[in-house]
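Letters A, B, C and D mark the chains as written, and numbering starts fresh at 1 in each.
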Amino acid sequence: MTYSVAVSGASGYAGGEILRLLARHPDVEIRTVTAHSSAGDALVDHQPHLRSLRHLTLQPTTPEVLAGHDIVFLALPHGQSGQYTDALGGASLIIDAGADHRLTSEDDWNAFYGGLFHEPWTYGVPELLVDGSKQRERLASATRIAAPGCNASTVSLSMAPGVAAGVVDATDIVTVLAVGPSGAGKAVKPHLLGAELMGSATPYAVGGTHRHIPEIQQALRAAGASDPRVSFTPVLVPMARGILATTSAPMAEGVTDAEVRDAWETAYANEPFVQLLPEGRFPRTVDVTGANTALMGLAIDRSANRVVVVTAVDNLAKGTAGAAIQSMNIALGLDEATALPVDGVAP
Amino acid sequence: MTYSVAVSGASGYAGGEILRLLARHPDVEIRTVTAHSSAGDALVDHQPHLRSLRHLTLQPTTPEVLAGHDIVFLALPHGQSGQYTDALGGASLIIDAGADHRLTSEDDWNAFYGGLFHEPWTYGVPELLVDGSKQRERLASATRIAAPGCNASTVSLSMAPGVAAGVVDATDIVTVLAVGPSGAGKAVKPHLLGAELMGSATPYAVGGTHRHIPEIQQALRAAGASDPRVSFTPVLVPMARGILATTSAPMAEGVTDAEVRDAWETAYANEPFVQLLPEGRFPRTVDVTGANTALMGLAIDRSANRVVVVTAVDNLAKGTAGAAIQSMNIALGLDEATALPVDGVAP
Amino acid sequence: MTYSVAVSGASGYAGGEILRLLARHPDVEIRTVTAHSSAGDALVDHQPHLRSLRHLTLQPTTPEVLAGHDIVFLALPHGQSGQYTDALGGASLIIDAGADHRLTSEDDWNAFYGGLFHEPWTYGVPELLVDGSKQRERLASATRIAAPGCNASTVSLSMAPGVAAGVVDATDIVTVLAVGPSGAGKAVKPHLLGAELMGSATPYAVGGTHRHIPEIQQALRAAGASDPRVSFTPVLVPMARGILATTSAPMAEGVTDAEVRDAWETAYANEPFVQLLPEGRFPRTVDVTGANTALMGLAIDRSANRVVVVTAVDNLAKGTAGAAIQSMNIALGLDEATALPVDGVAP
Amino acid sequence: MTYSVAVSGASGYAGGEILRLLARHPDVEIRTVTAHSSAGDALVDHQPHLRSLRHLTLQPTTPEVLAGHDIVFLALPHGQSGQYTDALGGASLIIDAGADHRLTSEDDWNAFYGGLFHEPWTYGVPELLVDGSKQRERLASATRIAAPGCNASTVSLSMAPGVAAGVVDATDIVTVLAVGPSGAGKAVKPHLLGAELMGSATPYAVGGTHRHIPEIQQALRAAGASDPRVSFTPVLVPMARGILATTSAPMAEGVTDAEVRDAWETAYANEPFVQLLPEGRFPRTVDVTGANTALMGLAIDRSANRVVVVTAVDNLAKGTAGAAIQSMNIALGLDEATALPVDGVAP
């Protein structure tokens, strides 16, 4: 069976990456691509790298245009998905790459986003430990999926195994992320200009204000933490794509090095897309460029009494579009790895 | 009076930056530049940006060549300074940009460097709080100065005010640094190739192994901490120069936001080269490129119970060569700011 | 049928890219990977992005190890392929990614490379116009293939249509190429350090000395030029991969704009991997990152009397490894596009 | 005497660089900085690297605010300078960093810019050969100065010596420039986003449409060419600042290599800010970052019959602000080099 697909927000970065990956998916037909202000343009005018899709024209993002497809991807600015979901009742599967359906707590929504609260959908990170099993199980029967925030899933995957195994203290997690500016989308803001960002490291959302914080806390609570607290600082660095999250937490009293390492090894031993590197090795973002892979290295620092997990993710691939398509594959009962590269494009 | 100067290691990055700054210093004459394997070459063959010094030829780094100058800068690989210092007894002032004379603890030296331990010299970070005063006072009478490690001084300056004021808990400091590869020097190693580092974030020395850790602990003890512990993770990012250190520590129980912020404001209120930005503002590395300035932003995250200090430094300028020359100015009784730019080269 | 494959030089950039593409090829089995000084290491220690091949160990590059495979890729430094080719008589197909078998003129070889001259093999650029047909026809029956130089094929593809159609004067071609440093390989040289190349544009081989010049002249002679001359200047710029070649030539007297444009349109109308963009559009290197695609834009400048062709190629993909595998597919009678991405990884 | 200075467009890149250099000028007082939409903000909110000017507030750009200063710098978008110049009759010296007063030909203005034509001012490139002398002589008595286009002056300086000496054929000049995006200003356009430009080379204005072309032709006519023609292609590359122009022209019949090289050597032998490198050496942009220096390398390619000149310039420094201040120094009778760095900030 071939599933018909519509992708909204197709002129943006998340939409473009969804299309790049779907273009090689044998079980889907990309029938419709939509955008807002660029409706009427050729897709390739906004995504010049998608040469295999140069026959497609952007249509307006309306419920009517999106209706009538088996699968609909919403890659819209936060707060805009809700208006479409009611009208798309007929779609077998809707996947929202935005934040609208991620949070289960209306208080968190109000504190970090504001505006109308939407019901939470099944969270699209298959490898997350949730109540002793993997989130994959919930995705198998999902028809509405909330793809994760790229930074959020990177940090959650970094710490969930230690939290679930009880080997770390989740009340004092610290994470600092080197991130590429594609994570901020194609919105045109002065501080995102190339001349501003090249040759520089630029922090933002310092001090507990980033919107991915409640999403991480929610995931770590699901993994077993009672009161997860996260000091979260993203730093823009001069690479178009990529997240390198350095996340640490105090170790629980009395745990051995082997117990700590074992928590992560056990959690990800059989995961094709979340891989723990051997001791003493740490990943680079370029190792996962374009890939649906989260690469992780773990160090135990007894002097500082912290376990340090360094995780590399491509924010657009595994961080957003890859997670969305991996979740789609699971929900459709397809091979989970279909169309998802595991090897990065390096150097 | 014009002081005669010799700079060893003149073909490397630290040596080059010392020369770039000294070239505009009205009170010194750069008489001698030395190198190891490139002795005999024109300086400008190795430092093509130093057009004003194109008349200089690299001489061999030997005690004989370095002797007979008022001031000698040693910008040599760690472990090589010691052999020269005895022979240079006549120099009024020797400044070592390497690590050999930084640590006061032989145990620390053995644990992180190894090889012969050298006596500690006066530490070249004038703005550091030491026993209730500034290190500047000690530099005023110094004749032997150890310039700091670039990452170490960045982190130490970030946390010393909070430690000295007792508003942070120094036993759980976490710092993650986005750093440019010039900090690794001109040594030719595969992982430092441009093709490897461009478009990527690359962690190294993860888990408590970086040599700047004991130097930070030493500085924080001098600032008043009894048992400073630091989780320290450097990440190479694609910018030639710069350090952006995101450093956080738990807040001491009961302190108010105002007390926290006041600690830093008071410490650096009158410092020309260490500046705290207004609330809600954070620095970029490009703001201090080429400058002797450390720019700092501070946030208080009550949810995570941490104060977060983000500090931008040019690793070669304020991080090494600028600190060395600022210390020299103090030791010579000159205006401390002579030849030291406060404005960065941006964008 | 599944073909067994050996890849030598597997620790380098060209070898790594061959493996990245072959890993998704359904008709080959990567049985053997070899290297020189890193023999014995895991492949993934040197190619950490090739997660799907983490079971492979590097073996020594010897004729014995390479023997017994259906297909052998040689990705060795120039001058080293020759010693293996005799010993590999049994291989159905040998593809050399080095220069040893590219040039047909021993004089050119001596002038630009030196050392032992080797017999020319079938040149691996299927889309090149050769004597009125495409090089693809020659590749269909090839058993020994010389993959092109990345800069050479980029410039040759840029100008061959105009040369073949007689609409440009090939005696005064000028090309300037912005190139990423991965084209220089993993050899560790000071001027290729990240700190040297970041934030800078660095010319090299200025003034007619680059080794790809005779290769371009050879291709343009094959396309019909009697005395092709090329002013060729490569400039290293801060991107790991990519070539953007700006190539221009005087227009032949009396030709119309339509005739000029038509030469390129006709030549590449049905090519999946060499695409001419619509008038007024020009490619970026990121549009073809990781892809086997050459994207081309063409402008006619009547004031300067030049046709200007701007071509973007991924030096490792279409420039080397992609060309090699595309040629392999042709030689084996497989679908020419197998395992070769047409869409780039952008942004 | 201290001159009072006003800088308009102070929130932009050209204005920022003028201020960075003026801040260290002993003979001027920066009294007024103006901007358009950001009037009322602190200067340092828009130029966070100008820490020494953090006491300044942006005032609105009006004739009234700019009036009453000895020297006025106009760093405004093209077409906006004219409205101020009448009202500023009292200023001893006005320097326009925009294009309004550069071109002497109204036809050129209409063809490349359009809108009201303004009278040409003295062109601010002191080292240019004009009618057998240097432009410096004209600047000595100037009161209205047009600072050059950064690309234009780079190419003009590259070719003027050969043109003036009659050793090159100016009817077939080809130049391709690797340029940093700060040259495009702070205007917020999607194609200038960091995510778009990082890791990529991006051509623009291909095929004879760039506005700096008539400015180059004008300069080369002044140097002695009767019909200069220039194929001009700029390529954005991932560095914030810098121009590396590779410019070539056919050599005149019968000239010797020595005659060619001598033309450039003679022209720039005594210039502090335009320097020809020794044979076989070529400049990198980083060698002149932040400096008022144009570094040049020259190669003679007899096979292609072209002389190739590679010139590195910092587009904001020597390309714009440095040229403006150098011209100001000359016009005021000060030491021409005052406040102008000759050494670049590298690496």
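Quick note on the criterion: a contact is a pair of C-beta atoms (placed from the backbone, for glycine too) under 8 Å apart; a residue touches a chain by one contact, two chains touch by 3 or more.
Predicted model, so just to flag it, every value in this text is computed and none were measured.
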Taking B-D as the reference interface, identify its repeat among A-B, C-D or A-C, namely the pair sharing over half of the contact pairs by residue number. A-C
Based on the averaged CA atom positions, which chain is farthest from chain A? D
Per the C-alpha means, the centres of chain A and chain C lie apart by a whole-Å value of 35
From the C-alpha centre of chain B to that of chain C, how far is it in Å? 45
Sites on chain A at which at least two other chains make contact: 13, 182, 195-196, 198-200, 238-241, 283-284, 286-287, 289, 346-347
Indicate which of the five shapes (line, ring, star, complete, other) describes how the chains touch one another. complete
In the complex formed with chain D, which residues of chain B make contact? 13, 16, 20, 23-24, 47-53, 182, 198-199, 240-241, 275, 281, 283-284, 286-291, 293, 295, 341-347
Okay, in this complex, where on chain B does chain C touch? 13, 180-182, 184, 186, 188-190, 192-200, 236, 238-241
Chain B to chain A touching residues, read off their complex: 172-174, 176, 178, 195-196, 198-204, 206-208, 213, 229-233, 235, 237-242, 244, 246, 248, 250, 282-287, 289, 297, 299-306, 308, 310, 312, 346-347
